[in-house]
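Take a look at these structures.
Here subunit A shows up in two complexes: once beside subunit B, once beside subunit C.
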Partner chain A sequence: MTVRSLLGLFVLNLFALGVGAGLLWGLRGWRSWWELARLAGFAYMLGIAGLGVALTLVLVAGIPFSLATILLTGFVLAGAGVIVGRRLGRPRPALGVGPRRVGLAGAALAALVVVHLEALFRAARLSGLYAFDAWSFWVPKAKAIYFFGGLDEQFFSELPNATYPPLVPALEASAFHFMGSGDVVTLHVQFWFLLAGFVAAVAGLLATRVPPMLLWTFALLALVSPRVVGRTLEPQADFTLDYLFALAALLVVLWLLEHRPWQLASATVFLSAVMLTKREGQLLAACVVAAALVASWRDWRNAWPRLGLVSAGALALAVPWRIWYVSHDLTGEFPESGVTGLLDTLERARPSLQSVLSSAFSVDLWTVVLPLVIAAIVLAFIAGARVLPVYATLVYALALAGFTWAIWSFTELGVPVEQDEAINPVVRLTASLVVLSAALVPLLLDAAWRGTDPPRRPEAG
Partner chain B sequence: MPRFGAWLVVVVAVGYPLLVLAFAGAPAFPSRTDCVVAPTGEGEYQVVFGYRDSELEALQLRDQALAVGFQGTEISRDGCGRVRVAVDDIPSREVGEEVIREARTVDLDPTLEQGG
Partner chain C sequence: MIEHDRGEAVRGDAQADSWSFLDWPHGIARLGVVLCTAIALCFGLIYFVKAVDRLWDTARTNAAQNFDDREFAGGNAVVVANRPLYEARALIPEDETYRVIAGPGVDGATELTAPFIDQYARYFLMPRRPSPDARWIICYGCDRSALGDGFEVFLEDETGIFIGRLAG
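Coming up: the complex of A and B.
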């Protein structure tokens, strides 16, 4: 049974890779098959994001959720990408030249990442469904979609966090369909695929832009953080949100530096997926867009309309879910204090900020990731880069401010604020910034080394 | 200065996990044996006839145990990807060891584990 489930998951993720490759062909294309191999991780994550958004819309539209629906949705997405690619006259890919030399240190670090992922795979195969939120509502929602063929309003209203978006439950339900059963043990492997896909996506996007030593050092540092090791395989939305957010933020900053249209088009898909993964996804997406608007102020005539278009596109894809749960009288989207009730609880502001900062800088959770982020930003700025450090500073600062607001407005949480994650979501929130660092710090340090913003070998296409 | 700083950041990023490894030891990864809980504390116990990879195989072992008189033998997922065949709710260690002695006379080889 486990082997059948594993094979099913392998086929599902191969399918997601195919869908993503189709979308990538439409959005960007590739000049050689080697280039596609380098970007395979990114294509996979693009496929996951695209499928996740499309399947959410399928659920909201009330279309029966079956294996045929999943396959058809994927084929439509991939087909649309292929048609767009043809219309844009993308040239037939050549074999191309192989990957450039990595160097001994870079290869050793990359090998350590692979070994680490292999160990996590073995853990994923044997993980029971013990994570509280996972068995409390994420997996039950997925099972409801799998067994009932759609969003069961009555069942959803009985579960905690009924208004959380259904992208992850839809992906989990897809996994059940491909596995042929509601196998909640092997389901953890799906989250291993997402982790491996994220690492491969960042590596593929940055491989031509930063030295391998920088790239793999920070991928490894983020991966070995105790919290990532312990929780990344749980079948709930937290780390999935973080991967999607980090890729959206990376694509936006690459666009700020290189101005390739595919980067912004792909970012739109990831931002909509971020908003459809968890409530705080809306906050994180807003941080990315706001940081990009400020970082591009010198070029505002060119940049701001495009960033506005990205925001509108991502919002348009996320709104149908909001319409669905409002029209079905599901509640709980906003914090207890309301959006404007913060002034009545001013005494909570400082403890909330302390809670966020102590979580974000906790060595026990994240080792030394965030102090190194600060060092990298300062070094890039001193060296003469501007767009990159300004953008990074704003994304991190706005997100920390946003998390403070979230804890501040969460009035069920008493003062002094308990850090226990059974009652305080702050640890899950700050994970997004640590995952993001795996993508941004290599760029920042490269900019610090060269003393300028744009990467050394900007992407073509 | 920025170049030296960049190198320093990389050294810290590589060195910190290595220092943790050096002082705290290698990390432990979960394995199937994590779902086998030795009888160490108070409370109830279970007599486990074995673990199987599939429910079909587990049902065969359960039927074998039931056929020789071990009423209450059931199968359940162990949380580590295997199916456990066991009699639950054994009230004491002595009772559990008695059940195991009886089982060995009919070619079964169960073990005593801490109950859930």
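Coming up: the complex of A and C.
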């Protein structure tokens, strides 16, 4: 609750931006400093994902988790990016031309997003820790890492949901180190940084590809959804997972349309971060890859080996955590009914689907985001685009089917399925699709307007 | 005259553009894009006002809270009184263990107190470790007589919460 804590968080996030910029230089590079400014949000989120994955591996390896470890890990990541960039002979960036004109309407909408973020910051600044899951296990895990310098055997086996991956606790523990204390109040501001970084990342990636009016309208709509407003600042993994998933899914679809290697390389980092953030991250990552495989079937000789490589890379980074918890006899990763026990509970299928759909299409939670997603997909199809709407349809449909499976196999939840989120995780699950919409709907509508798939100004690099 | 014709031409183009929204498939798709954006904009603006209003209320409420309420936050529904856990932090050294024994004898206990006080204490008292055979005991309405004569009480709260240590 102190200025020191706030400054500490600011430095941590600046550090994450630096790490991400180093990684971005290696993966993509930038031709001008203006381009880097546009992609700063993306660089920041890349830094968060890269640091999160690397710090998880550090924890699993049993390396003592301290401020020095965090700094060293970040420097190694950024340094690796710089070395790769040098090896690839990236040219020295020029100042470059300034950003293109946004237009009055686009600027006004962007200003509203900024005002909204400012209001969120004020709410985050002095927020107490109310969320049950946050004080029950997310923050205690972070405190355990902070106080004991690693995956403490006692706390990581006794705390609820022991098999949940430690990426978010590792980021929270990093925040404690930079703040200089386990300040759980100021910790909420870290989640504000993640939200702001996500918005900036989507804006930076889409700014050259879709009109500002589309970009900022749908960013605003997703941000002001009641559930996003009420829960996005909670120090737990739900919305962090959603941001990482949305960026992974966006990068994959951009690669399907533009075939730039950096998009797939960055997607690998985000997909592994998704799998190391929450259990359902594996499901979401699988949806992205499966949708990309189907959407690229015409070009399968070129696309599928690369997508296979991405999946293998992301899995390889996520596996060590699984080895750790299996070797520590921790259980609870899979639902009670087991993966194949669904046939014994067939009567749960329909109520589970109803639960998922009523949550996904709830105006009280998400306004009209998902109905507009359906409209945007249909319009893109009508206009003649194919790759983009096929991919979007599959990501959403597979995710909804996956969520239905999750509720169906969650046999502790009786029938009729209660929507109360204290016992039913469906609301948290569907948030990922709403957050994704902020990135995909502008692309879909732009494709519908132009009647073709590729964005109007695909990027070089 | 030329100006007039030019004006007519512009009006004609505009009219043609308007009608082009009904062309299948591209016009219809574009009309759909306009409608989707308009709907998103309407909902976005309405909910923006609601969201900012709600967030400012939240910020005001958070700012008006005292330090204890902000620090306990969700725990206020569990702990009944703030003092015992603060005292536990002060009394129990960071490298010692403790255990929470919950019972029915806490005045003002909520339905969350008995089932969740040990979880909340674990979060609140870290880095102190919980242990089933710890000497430090936080007795939340438990049967004090069952702890024996060797239980030295350091804090006795009026709600029925005790903090003490068993003789070594």
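Please note the rule applied: the second predicted complex is superposed on the first by the 460 of 461 C-alpha atoms of A that agree within 3 Å, B and C clash if a C-alpha of one lies under 4 Å from a C-alpha of the other, contacts with A are read in each partner's own complex, and residues count from 1 in each chain.
One rule holds for everything that comes next: a residue touches a chain if its C-beta (ideal position, glycine included) is under 8 Å from a C-beta of that chain, and two chains touch if they have at least 3 such contacts.
Because the structure is predicted, anything quoted here is derived from the model rather than measured.
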Query - Overlay on subunit A: subunit C relative to subunit B, clash or fit - result: clash
**Report entry** Contacts of A:T2 with subunit B and subunit C, given as first, second, both or neither
**Finding:** first
Query - subunit C versus subunit B, contacts on subunit A by residue - result: C
Query raised in the report: Once the shared chain is lined up, is A:L214 touching subunit B (first), subunit C (second), both, or neither of them?
Result: both
Report task. Pick one for A:Y325: touches subunit B only (first), subunit C only (second), both, or neither. Result -> neither
Requested in this report: Identify the partner contact of A:W255: answer first if only subunit B is touched, second if only subunit C is, both if each is, neither if none is.
Outcome: neither
Requested in this report: In the overlay, answer first, second, both or neither for which of subunit B and subunit C A:F245 touches.
Outcome: neither
Query raised in the report: Between subunit B (first) and subunit C (second), which does A:P140 come into contact with in this model arrangement: first, second, both, or neither?
Result: second
Requested in this report: Identify the partner contact of A:F198: answer first if only subunit B is touched, second if only subunit C is, both if each is, neither if none is.
Outcome: neither
Report task. Please pick the stretch of subunit C from 41-49, 113-121 or 149-157 that overlaps subunit B when the two structures are superposed. Result -> 41-49
Query raised in the report: Where on subunit A do the contacts from subunit B and from subunit C line up?
Result: 1, 109, 119, 122-123, 125-130, 185, 213-214, 217-218, 220-221, 224, 229, 367-368, 372, 375-376, 378-380, 382-383, 441, 445, 448-449, 451
Report summary line: In the complex, the residues of subunit C that touch subunit A are 25-26, 28-30, 32-33, 35-37, 39-41, 43-45, 47-48, 50-52, 54-56, 58-59, 62-63, 65, 67, 69-75, 116, 119-120, 122-123, 126-127, 129-130
Report task. Could you please specify the touching residues of subunit A with respect to subunit B in the complex? Result -> 1-2, 109, 119, 122-123, 125-130, 185-186, 213-214, 217-218, 220-221, 224, 229, 367-368, 372, 375-376, 378-380, 382-383, 441, 445, 448-449, 451
Query raised in the report: Which of the residues in subunit A end up touching subunit C in this complex?
Result: 1, 109, 112, 115-116, 119-120, 122-123, 125-132, 134-136, 139-140, 143-144, 147-148, 154-155, 158-160, 182, 184-185, 213-214, 217-218, 220-221, 223-226, 229-230, 367-368, 372, 375-376, 378-380, 382-384, 441, 445, 448-449, 451
**Report entry** Residues of subunit B touching subunit A in the complex
**Finding:** 1-3, 5-6, 8-10, 12-14, 16-17, 20, 27, 29-32, 34-35, 53-55, 77, 79-81
